[in-house]
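There are two complexes below, and they share chain A, which is joined by chain B in the first and by chain C in the second.
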Partner chain A sequence: MSTVTWITARGLFGRSRFLMLLPLPLILIGLAVLCRSLGVDPGQWGPPVLVGLGLAVVLPVVALIEGTGVLGAEIDDGTVVHILTKPLPRWQIVLPKLAVAAGVTAVTVGVPIYVAGVLADSVRLGLALVVASAAGALAYSALFLALSLVTRRPVLLGLVYVLIWEGLLGRFVSGTRVLSIQQWVIALADRMAPTPLLGTSVSVPVAAVLTALVAVGFTVLAIDRLRSFSVAGETS
Partner chain B sequence: MTAISTQSTAGAPAAATSTLDLAGVSRWYGNVVAVNDVTMRLGPGVTGLLGPNGAGKTTLLHMMAGFLSPSRGTVTLDGEPTWRNPGVYRRLGLVSEREAVHTFLSAYEFVLASAKLHRLPDPEAATKRAIELVEMEDAQTRRIGTYSKGMRQRTRVAAALVHDPQVLLLDEPFNGMDPRQRLHMMALLHRLGDAGRTILFSSHILEEVEQVSGTVQVMVAGRLAASGDYRTIRRLMTNRPHVFAVRSTDDRALAVALMAEASVSGVELGRTGLTVKAGDYGAFTRALPRIALRHGIRVRQLLPEDESLESVFSYLVEA
Partner chain C sequence: MSDATGVIHDIGYQRYTGPRLGRRQVFGALYLHGVRTVFGLGRSAKAKIFPWLVVSVVTVVAAGVTAVRSQIGEVVMTYAQFADAMSWLVIFFAAVAAPELVSRDLRSGVLPLYFSRPLPRGDYALSKLLALVTALWLLLGGPQLVMFLGAAFTTNRGVRGVWDELLDLLPGLLYAGLWAVVFASIALLVASLTGKRAFAAGGIVAVFLMTTPVVGVLSILPSRTINELAFVASPPTLVGGVGNWALGDRLTQGRGGMPIGDFGPVYAAVAVLLVAACVSLLLLRYRKVAAR
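For the complex of A and B:
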């Protein structure tokens, strides 16, 4: 494990904001178990729990907390200077931090979405959701990590993207779905485990290509912004 | 405002030393000019960066450390730009003003992480040496979150020194330190300067600068107002008379005699001696023994009264 990864992981698990990650996955598992135990038809509870809660809320919100936290929290408290005053190419800082954010998001979302997928349909759907949400975790994390370097309000902008763009516009303006990570995740999962529980108008090739483009593009942007990172003077 | 300059820093750079050069550096934020056309060269030794709050010290330090791009001009370390060049951190260490440390780590872990990030061949040994240098051995395994402000500061200094940098920049390094820690830090900076390191520390507390370094860079309102040894700077301020406290065997007779001397612009006779204002430092100090001898007076004390850094600084700020 690289030193940057180690410091990032220690910082993440040492901060109270990590506790914020726990309720949403627990609610997702709880709802799936409740519906299954009450014998509700999966066709009724599957879409709102798997997509409405799992992929539309839990995945982006966890990714938002992680993606903006791995670097944004260090920028906020000034500890980023400790890492930046080292003779490291900036990609050696961004990539480990992205790996931690995407990895923790993938695990935090993967476990409950797998359980919910298995309870709703099959192990195959559970695994498809795990793989697709891992790809989504990478894309979301790259986006939010880059946001923490281009704006002082990454959480606010991230919420605007998730709630307004994906949540609101995605529901009423079908064209916006092409630029929605959530829809790409659904398309990828549906391709791996076709099921009526998941439905999207975005094609699989478009989803795969755009997921890769967003992950790579925002990572490159983050590396470039970190190269030009400026520290604001306190007393000037 | 006219900048006053004397020799920049003591000694010529040797092979293992580094030089930090600023050439015509300015930095502005919108219409606010934080640093205005600063040119300076920092070589081995300890230099104090002095100025009132808001003078541009931190902005200047951030540009030196590669954390801010100059709006105009260049900042180079041994000829390499510091901006967008992480390679300079092999030779440069920074202790920023903000008290930013990973509170969830111990001092040992924090400094060791620095050593590993620098890819030092023996990070554990380098960590041990740096922690000993700042006298943090006893508390090194405790979480930094439990430290006092001074201990955190020393931990940050250890992390900045772990790779034994040629250049060390410190922004207000004595903040939060108790008197004993302050003295220890001053001694450490002296040792590093004597060992050929280029040390620049900013401060707005004159006594600190006076005790650590005779060489100063004085910033006033974003400009470099003076540069060099502050006593020499004082002597170059020919528009301000030098003030001396003089005691002798016959103060009144000496006062009368001094008034005839061309370099003397005023004499005040007090209960404890004379206060003499002289326009020309050198001419007066050469004339005084001659005058005293001629009148059979013995001079018991001759003290320059406004050659302190405080006087120099207040003259520069008022100018």
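For the complex of A and C:
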């Protein structure tokens, strides 16, 4: 475990910042337990909880906060210079930070969605959701990490992607679903545990290839951007 | 040692003897500055990108709806349905605007400068809130006006048709105001908690997004009472419920409202309580804000 990993993890969890991550997963588990205990048909509560809340809200929002936080916060504070001036290859800065962001996101999302998946259907669905959302966490984190190096307003641009591209357009214009990480995650989970709860129009090979492509591509982009990174003041 | 040879020169500094503007002018200036900040007026082009992106998308949708109506004669959306359909964009706009209004001041530590003026602490928060309410209302009201103009100029029933359309528009504008008040008070409260704009934006969106699926789940529980009260759980649907109850048929124009049963007054009470709680927490926050 490198020093960069350690610093990044402490930056995310330092003091009581980890408490901010708790409410979203707790709501997810709470709703699943509530529905289960009241005996509602899983076919009815599965889609809104698993997809509507878990994969469409908790996963991207947590990934957005973590992915832009690991590097974006340091760029904002100007402390990124301290890391950049160390004799480290750039990939040794980007990869540990990406690992922390993706790992934290995967755990934060994986635990509640496993519980919800088990309550909805079976252990198999729970495990499928965990694996798929971990892949999604990696893709989202790479995307948002690269965003925080490409632009000075990574969170807003990330929100445009999550809210407008995936949320608004994905619902009305079915063509944009091919380029939506959320749909890839659904497709992957559905492939590993076929249930009527998850459904998407994206084919599984496309989803798997594109997820890997996004994860690798944006990581390479981030390393490349950090290579010629200029430290500037806050945007006006 | 020689004798003191220093001389104090009179270089012409003068005290200000003109009229001094009071609290109301400070409030007005801060409010106007707030509204300009939200839309990025008087700031760099980068600050204008996101607000005007949202404004243009909303306007384009309104223009599209108007065009369809004037060509085919079919009402695609009523004024209230337009506000509902734009809810995600309103959330995004609030997430852009609220951190600009309050988080920057917190981060750059200029609050002591503000509070050294004849400006009570509550006024600072209230002027920012009012600015955000105005901006959100303009965001929804402007496109509604576009829709109204389109409908008014293509009506084939003369002045009578224009008047009917105006009677449809006014509740729509009132409803947009309701949206603006509820969203602005929540968003500003969240944004005032952190000096980091990135965290503030993420927090605002998280608050609005994570409550939406709660409504979806509550409305399928096996209890009629819970189903009819479900829409309380999320700000957008709460606003919808209040509008449904208060403005009723004028809002939906017979296109099916929300199944809220007889709980209309409950929705109104919850909305009022929510806004009141957010505003008082905001004022409380600025009573003891850190001066750094």
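We adopt the following convention: the second predicted complex is superposed on the first by the 228 of 236 C-alpha atoms of A that agree within 3 Å, B and C clash if a C-alpha of one lies under 4 Å from a C-alpha of the other, contacts with A are read in each partner's own complex, and residues count from 1 in each chain.
Operating definition for what follows: contacts are C-beta pairs under 8 Å (C-beta built on N, C-alpha and C of every residue); 3 or more make two chains touch, one makes a residue touch a chain.
Remember, it's a predicted structure, so these values are computed and weren't measured experimentally.
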item: When chain B and chain C are modelled together on chain A, clash or fit; value: fit
item: Which of chain B and chain C A:61 touches, first, second, both or neither; value: second
item: Contacts of A:83 with chain B and chain C, given as first, second, both or neither; value: first
item: Which of chain B and chain C A:227 touches, first, second, both or neither; value: first
item: Touched partner set for A:175, first chain B, second chain C, both or neither; value: neither
item: Partner chain(s) touched by A:159 [first = chain B, second = chain C, both, neither]; value: second
item: For chain A as apex, the angle formed with chain B and chain C - C-alpha centres, to the nearest 10 degrees; value: 80
item: Contact breadth on chain A, by residue count: chain C or chain B; value: C
item: Nearest-approach distance, in Å, of chain C Cα atoms to those of chain B in the combined model; value: 7
item: Overlapping contact positions on chain A, where the chain C interface meets the chain B interface; value: 235-236
item: Chain A - residues contacting chain B, complex; value: 3-4, 6-7, 10-11, 14-15, 77-90, 227-231, 233-236
item: Chain A partner contacts - residues on chain C that touch it in the complex; value: 43-44, 46-47, 50, 53, 57, 88-89, 91-92, 95-96, 196-199, 201-203, 205-206, 209-210, 212-214, 216-217, 220-222
item: Parts of chain A lying in touch with chain C, wherever the complex brings them together; value: 20, 23-24, 27, 31, 34-35, 38-40, 44-45, 48-49, 52-53, 57-58, 61, 64-65, 68-69, 72-73, 76, 152-156, 159-160, 162-164, 167-168, 235-236
item: Partner chain A, residues of chain B touching it in the complex; value: 34, 53-54, 56-59, 62, 65, 67-69, 84, 86-90, 92-94, 96-102, 104-105, 110, 113-114, 116-119, 159-160, 172
